[in-house]
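You will see two complexes here that share chain A, one where it goes with chain B and one where it goes with chain C.
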Partner chain A sequence: MTEPHDSLILHFIVRAFMVPFIIVFGIYVLVHGEASPGGGFQAGAIVAAAFVLARLTLGREHAVNRFPTRVLIWTASLGMAVYLLAGVVPLFFGANFLDYSQLPVGWFNNIATHDETLRARGIFIVEFGVFLAVLGTLGILYDYLTERYLDD
Partner chain B sequence: MNIVALALMAAGLFFMAIAVIGLVRLPDFFSRVHAVSKSETLGITLLLLGLLVSAGVSLTGLKLALIVLFVAISNPVGVHVLTRAAVRNGLMPWRRDGLHLASEAQGER
Partner chain C sequence: MIWQLELALFAMLVVPAIVALQVRDLIASVAALTIYSLIVAALLAMMGAVDVALTEAALGAGITGVLFIGALSLTRRRSVD
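Up next is the complex of A and B:
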């Protein structure tokens, strides 16, 4: 069952069309979450759907070797760490837990052109952490439920 | 503009209704999947094109155009995969005289 699906049409459509566009759309949902429906959780679920689609159809070589379960576990843990740090770091700058306005990310404003408050940047950092955590967790769930790709 | 959008949406609804009738009335898997893939893809494409016309050139219109593209490509591919799996597993097309049941039992793997 770890072979790729043998339909050439499906293989081509998934590789050349579906997976790249789904990942781009997921990132759009992530970064556009303030202005339209979306956010970190939804973006993570969408990108994880692309990963699961690739794992269902493309087989070990094209889908799993690039993002093995090991990497997904690291991704989920990194996401947890990011949004935990976004909450804890303000404590060391004399603010409350999750008080984004005191995050030491002022240099962000030098590289970004939009005039946004530090608070919005903090929310985006938390969203990014949630994105990574959801993406990793859903991928791990798929891998463990199917038990296809666990032996590497 | 409004008339065109309404006409497109009405045509889309017509084709989707045909697809649903086919799904209920047709006798076996292959013909049902045939109804769903062709008629429903056309129906949902027309429906979304109607919405696209009424949305005009905007961000919403771009999103609708992308949805049209995605549905028009992924729906037939999904049906292709389903049908392929059915053929590989020895499902026979329906026949009026019931021979498909006999050949299915014979060719059982």
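Up next is the complex of A and C:
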């Protein structure tokens, strides 16, 4: 399951259609997570499914060169840090832990969200952290399960 | 919510569950579990829990099967009990 598949049609379909569309759908689920079904965890799982599909079809070397395991570890750690910062920063503004309505991100409302409430700005930051953490962790799981094939 | 469709889905849900428990070939068992997850995702979407259905379709029917097969490639393919 780590060698590239030798079907040209499969390569073309996966590389040109399935992986880009799955990633775009995952980003849609992430961005609209506050107003419709979806959210950080679901988006991370969908994008990680696209990454695993690329690693299964295009071969381990090709896909891992594009997006190495080291980068996945950094992604998961960055997601955890974003989530932790979104929890800790409101403490310095006189609010409770994870009270993200007190996050100092007023500028964010102008570029990202259609919702005018303060909670909607903060929930997107938390969702983005969860997205990065889930994406990185699921990729790491697959990479380490098939790691022994790297030596062949 | 159409109760006939839901009853049919629940009836279909039993088959891959029993197959996954009874079959000796563990890769066939993983495939049956994937079918089970897909039917569960359809059921959850019918019940209005679209969040859970998204998670079940992406994780249960997608990544879990790949991870199970990756774990199976580290051991034997057939079960012995």
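To be clear about the criterion, the second predicted complex is superposed on the first by the 136 of 152 C-alpha atoms of A that agree within 3 Å, B and C clash if a C-alpha of one lies under 4 Å from a C-alpha of the other, contacts with A are read in each partner's own complex, and residues count from 1 in each chain.
Here is the rule we go by: a contact is a pair of C-beta atoms (placed from the backbone, for glycine too) under 8 Å apart; a residue touches a chain by one contact, two chains touch by 3 or more.
Remember, it's a predicted structure, so these values are computed and weren't measured experimentally.
More chain A residues lie in contact with C than with the other chain of the pair chain B and chain C.
By the touch criterion stated above, A:I46 is placed in contact with chain C alone, chain B being left untouched. Once the two complexes are laid over each other on the shared chain, residue contacts for A:I125 go to neither chain B nor chain C. In the superposition on chain A, contact of A:L138 is made with chain C only, not with chain B.
When the shared chain is aligned, no partner comes close enough to touch A:L72: not chain B, not chain C. In the overlay built on the shared chain, the residue A:F21 is in contact with chain B alone; chain C does not reach it. In the superposed model, A:V29 lies in contact with chain C only, and not with chain B. Contacts of A:T146 after superposition: chain C is touched, whereas chain B is not reached.
No residue of chain A contacts both chain B in one complex and chain C in the other. Residue ranges on chain A touching chain B, taken from their complex, read 5, 7, 9-10, 13, 17-18, 21. For chain B in complex with chain A, the touching residues are 70, 73-74, 77, 80-81, 84. In the complex of the two chains, the chain C residues touching chain A come out as 50-51, 54-55, 58-59, 62-63, 66-67, 69-71, 73-74. Chain contact summary for the complex, chain A toward chain C: residues 1, 29, 37-39, 41-42, 45-46, 48-49, 52, 56, 138, 141-142, 145-146, 148.
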